[in-house]
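Same chain, two partners: chain A is paired with chain B first, then with chain C.
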Partner chain A sequence: MRNTILSLAGALACLAPFSAAQSEGAPFAIKAEHILVDGGEVLLDGIVIVEGGKISKVGLAADLAGGLPKGMPILDHDGWLSAGLVAANGTMGLGPAADDSTSAFTENLLVAESYDADHSSVKEARDAGVTSFGLTTGTGNVAGGLGSAVKTVGGKIINLRTHLSLCIAPPAIQSRRYPTSYSGALSALDERFAAAEGVYGAVLKGDLDVTIAVGERHEIDRAIGFSKRTGLKSILRGANRAGEFAERLSEAGMSVVMTAPVLGGVKWHTDSIQSLASAGVPFAFGLADSNAGASSLRLGASLAVRAGLDRASAWRAITSTAASLAGAGDSVGRVAVGYDADLALWSGDPLSPATRLESVYIDGVLITEGK
Partner chain B sequence: MKTIFSLSAFVLVAPLTAFADSPQIVGDAPAAPIEASAPVEAAPVKFVISADAIYTAAGEMIEGGTVVISGTTIAAVTPGGESGEDGLHVAAITPGFVELSPRINLADYSVEESGEIMPTMRATSSMDLYDKRWERLLNSGTTTVLISPTAEDVVGGLTSVLKTGGDPTVEARVVLADATLAGSFGSHASRGNHAVFGRPTDHFSRRPTTRMGTEWSQRKAFYDTLAAIGNVDRQFAGWDIMESVLNGERPYIVQASATQDIRTAIYLKEEFGIPNMVVDAAAEAWREPGLLVRSGMAVILPPFDAQGRTAIDNGFLAWNSAKLLDDLEVPFALSSHGSASLNGRLSMQAGYAIRGGLSFEDALAAVTITPARLAGVDSRVGSIEVGKDADLVLWSGEPFAATSRIVGVVLNGELVTK
Partner chain C sequence: MLALTLSLSALALLPSGPLPKDDPAPVIVIDEAPAPIYLIRASEVIVRPGESIQDGEVLVQNGMILAVGKGLTAPEGAILVEGQTVCAGFIDPWSSLGVDSASVAEQQTDASMATSSAIDLFNQDHYRTAARDAGVLLVRSQVGKDAWLGGLGSVLESGPAGAVVLEDACLSFTCGITRSGNRSDVFDRIGEADRVGSTIASGLKYRESQVEYAHELEAWQKTIDEAAVKLEKDFKKAQKDREKEVEKAKEKDKEFKEERYKEDKRPSAPKFDADKEVLARAAHGEIPVLVEVHGTQELRALLASTKDLTRLRLMISGGTNALPFAEELAARRIPVIVQPMPTGAPSSSEEKGHDLGLAAALADAGVQVLIGTGGAVAGVRDLPVLAQLAISHGLSEKAAFEALTIGAANAFDLGDRYGTVEAGKHAELLVLNGSPLGGRTTFVFTGGTLVEL
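Entry: the complex of A and B
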């Protein structure tokens, strides 16, 4: 731990345990050599002031440090500070309860009811710097349920109902239960959206996002066709090949959550990411359909940059865009005034694979150190 | 010398610089300027293919002729004529093949198996246009196909006619959407189902489990349809699609391979007066000549096989089956079932039918205009005629001969190289 505590109030305040000050919700500040604000924007020698678990000020240390109230603890970090990472989706904390297998249509189930924030998978995400994610169902049902935006500590829910989780692909389409075919799944969904009742009506009104899990190209094509027909600006889930459809996705106002690139992965994956970026299709990385674990987010963003993606897009794919696709874009994913103080302190540039995560704050509370 | 040199330099350079600034019309240009402001459609690209023989599937063979393609359609078919320097010359041209039973589907995911009477299911919702088999079909000369659900349901759903190439979207490839309804006789609809003893275990605990159960389900579906007409209380999902079959608006293509299944299909047609019915994979159709002729049913033959047996219900298909149907004047089409083997290709099937005694012209019709007619798309594809889609197969020699090669395929006026 290379962080040192400075205090304007002098030696006495230095004796008080720093974490104790935070847990009481008292204001504090963190100075950092680099603050990664959002996208590619970096503040050199910046300072973030946290009050009541939110970011109250962000700026250059030279401008703000002089005006701090007396006695406010200041953490001096000689590395990088950024927003905590956001996974655009994930099933962490659900264990085997990610799908209710009693029917292919369980659209009214609230996945947050199954969320166990103490589950090891949530801790693993936290240790990788992930401070919030879009909690979603598995892909076992055509209409799996309603997703939420959650924090990776304490079971805190940012937004209880963010999206309806659909799947038009084999995990949901299976031989021993209705529907057994793509045509069956599509006609069932067409029927429900035409009736526009309950959650389907809420989706059509724009009160809820809708995600559609697909994999193969013909499935992506089908999901685009379905979205255009119903007028939905759907978020494709797990659609790593979506870049091949970038123009059509852009026209339809759709976005994409994919798994992050992995070391030794296929080239079409990174090509697909760049096509989406060129066409201006919002995309982010998720963990729900990945076997690679939470650490794949930051490494995947690095690999995308290495393959040619611009840094800003890569960083947004694991922070601000991920947050907005997870339904929490107004409160997490950026170092900005009014946003939750979900912060990650790094030994260096977080997009460098050699960089270590040093501390994580969620809602202004120090959660983990030295991982 | 010096003067001449500078003069020639002027001649060479001056028009080029002038051209760069403002386009000029040289040669016998019209006196009036061309109205560039009027939105004129770009003239369609024309190209010409000449051949020693053009088999149009719409009349006599043209010996030494040309096909002129303008945009996506055929602009002219003429005897004689030169293709010119930019044109192509080949030994023979036939229409692109039309196949009604390509079986290019997503197997289990192509049919809704949660029920048996599923008229509303669309085959186009359950297919993979990125599958390599599409390229194989196109390169082997098949330019138009009928896409159907598999025959695992008594009534499987709606088929569509698609081109085999172009952008991989249904919108770009569709020739006729919801062209026919697909049904099934024989063992396929009942396999996998099991009887209910005690409590049903899953959605396969249902009728039919036998051929006679399938036949019962077919008849019930049509009786239910008759009951639904004009009675809102009796209407069910897709009853109107079933009605369109009963009144002849939409052909009913049913799979039936063995003799007893073909008989059953004929009896259904006659019982309900279904005007337009086609029996697919009908290996043993030749065994019921009297019934077949009486019913007015059309036939799609499965691919010939060296063993004389088909994969579907082990139907017996003799080499001369096509010839026998032709003698009966029963409309029939050949099919490949999408086989990847050379033998399975539709062009080879026409060759086998000829070997079985069928005439060249009738074999050509059985892979072009007849299937186009049966699917209701003969106004667009199936023959080489002015105004029809420019879908052509270009041959190195006599079409369907074992020593001939397909040297090129034209789809919608575009040359698809092999």
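Entry: the complex of A and C
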């Protein structure tokens, strides 16, 4: 830890141990050499003030430090501060419960009911700086259930019902149960959306997002066709080749969640990401369809930058855009007033692979330290 | 970069019809255009790890560094290349780039099988280009990547030209690794490590038999030469004695029996064995021996089986569980090539070796650490990222940069030609818009050519 604890000048009598103060939910502040607010915006010598687990102020230390109440603990961090990372999707903490294989349509299944925040996969995500993610189903069902936005500590649910999870790819389309073909799956979905009952009606009304898991190019094509037909602004899931359809996705108002680029990965993946960025299609990285581990999120963003993606888009893909696509864009993913104090302290620029995660705060509480 | 041009005036001398046979050949004048000189100007010229020149220049011609310094003046006609940083190109000491994939997968390799004979420049162009563009200009590639005895590794240029820089860079072994998804039992794995020492030692015996033969041959030649002198000296007397003996035989009507000179038998040369030849070179430290090994028991067995080979230059790749042996590795000056690559949940025991902290822990214990990409061709371009990941877990930036440049060059005896930015060395250079590991490569000098990215 390169952090030092300061108290306001002349207030030695009120000096409070930093960690004790912040863990009790008392207000505190963190000064940092760099604060990555959102996208490419960086504050030099900034300060973040946390009250009641929320960010109450963000600005230049020179502007804000003088007005802090006496005795407020201040952590002085000589590295970078950013929002905690957000995975646009993930199945951490679900284990085998990610899929219910009894039926192709389990649309009312509420995936949060199977969420185990103490699972090792959730801890791994937390240790990689991921503070929240879009909890989603596996891809074994055509309509898999309802996803949630959750935090990686304490089982806290940010938003219980965020999206209906669909899949029109082989994991869901199986020869041993109906539907056994793409046309069968799409026909069944068309029927359900035409009836507009239950969760399907909620999706059509805009109360729920809808994600469609696809892989191959023809599946992306089918998903775009389905979305246009039903008028849904769907979020494609696992569509690493989506960039090849960037213009059509943009026209249809769709978004994409893909796996992050990996070491030794294929060039078309990073090309696809850059095409989405150029076309203005919102995209973010998720963990649900990756076996590369939670650390792949930040590493993937830095690999995308090495491959030519602009820093702002890469950073948003693992924070603010990811939060929006996970259904929690109003509360996490940015260092902004009113947002949850989910913060990560880094030894340097978080988009550099040479940078180490030092501390993680969730709702203003120090969760991991000294990594 | 040699431009050859035929002079027009000389062409005019050429006769238009077929040449009479007796006529002298026409004179053709060839103007050799001088190779271009490049002046690289950068805010920082990193000469070697820990030594930089601020606002410096590097002069390059014909693929060689002519001069490095501050305030160098550009000769007339020099091409100016500017950037933030200039440094030596990176070297991946653990790769299979540029080699025919079947040869890489070959399991029945032997000691003398040479990677340089399995180069394939007609495939994987995009991987080689990506490696070059990422600044990885040299690779140690290996046939028989997963074979117990993989043969001779070579150092190649990564770019499309793929020139061989060093044919016999090292002799390669692997011990106890998972091959084709199968992991052998512990006794077999330890046995593989045990046999490394005894196999290399067989090269010693071969070399001894060669030395013994050389001595015997020398002694034999000396005896023959002495006998020849003596025979020459005694020739006239011997001739008279013979004539007398011939006369006597005639008088007695007997057949004359020629006294035959008995020559010492020439020593026979030991049978040439190309594999033993390579093993002998390895045993005598003429080429390094690189062993991929991960498990504690295999490492212990390997170190024990090679302990008495005092001239052996052992290197380890992988080294998943090398930390408990750090003291011995440091004392025996055995470098370890690590592969700091996060993999999520490890699927094989070797992948646990992708521990990002291993490089720093070994370096802290005094072990020389190198960084390699592990042999997958697609990953060579990520070498600088692996170095950054090692930095994120405690390896110093200087140590990481050294591992990718002069450290790797020295490991394969290339330190006098590559790995630093010094006059007289090959101009395998990177020009970047930032730091060597984090910046973007804007120009690459490799194989005598300049590539703008």
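The rule is simple: the second predicted complex is superposed on the first by the 362 of 371 C-alpha atoms of A that agree within 3 Å, B and C clash if a C-alpha of one lies under 4 Å from a C-alpha of the other, contacts with A are read in each partner's own complex, and residues count from 1 in each chain.
Rule of thumb we're sticking to: a residue touches a chain if its C-beta (ideal position, glycine included) is under 8 Å from a C-beta of that chain, and two chains touch if they have at least 3 such contacts.
Just so it is clear, the model here is predicted, and its values are computed rather than measured.
Student: Give one word, clash or fit, describing how chain B and chain C relate on chain A after superposing.
Tutor: fit
Student: Once the structures are superposed on A, label A:H218 by its partner contacts, choosing first (chain B), second (chain C), both or neither.
Tutor: It touches chain B, and chain C stays clear.
Student: Once the structures are superposed on A, label A:K205 by its partner contacts, choosing first (chain B), second (chain C), both or neither.
Tutor: neither
Student: May I ask you to decide whether A:Y178 touches chain B, chain C, both, or neither, giving the answer as first, second, both or neither?
Tutor: first
Student: Of the two partner chains, chain B (first) and chain C (second), which one does A:P170 touch, if any: first, second, both, or neither?
Tutor: First partner only, chain B.
Student: Which partner does A:L303 reach: the first (chain B), the second (chain C), both, or neither?
Tutor: second
Student: Just checking: does A:K70 make contact with chain B only, chain C only, both, or neither of them? Give me first, second, both or neither.
Tutor: In the superposed model, A:K70 contacts neither chain B nor chain C.
Student: May I ask for the angle at the C-alpha centre of chain A between those of chain B and chain C, rounded to a multiple of 10 degrees?
Tutor: Here the answer is 80 degrees.
Student: What's the minimum Cα gap, in whole angstrom, linking chain B and chain C in the superposed view?
Tutor: 22
Student: Of all the chain A residues, which ones make contact with chain B and with chain C?
Tutor: No residue of chain A touches both chain B and chain C.
Student: Can you tell me which positions in chain A touch chain C when the two form their complex?
Tutor: 263-267, 290-293, 295-296, 299, 302-303, 306, 347, 352-356
Student: State the interface residues of chain B toward chain A in the complex, per the touch definition above.
Tutor: Touch list, chain B to chain A: 106, 108-115, 118, 120-123, 125-131, 149, 157, 168-170, 202-204.
Student: Using the touch rule from the top, collect the residues of chain C that touch chain A in their complex.
Tutor: Per the stated touch rule, the residues are 126, 130, 134, 341-345, 373, 376, 378-379, 382, 385-386, 388-389, 391-393, 397, 437-438, 440.
Student: In the complex, go through chain A and note every residue touching chain B.
Tutor: That would be residues 170, 173, 175-184, 186-187, 216-218, 221-222, 225 of chain A.
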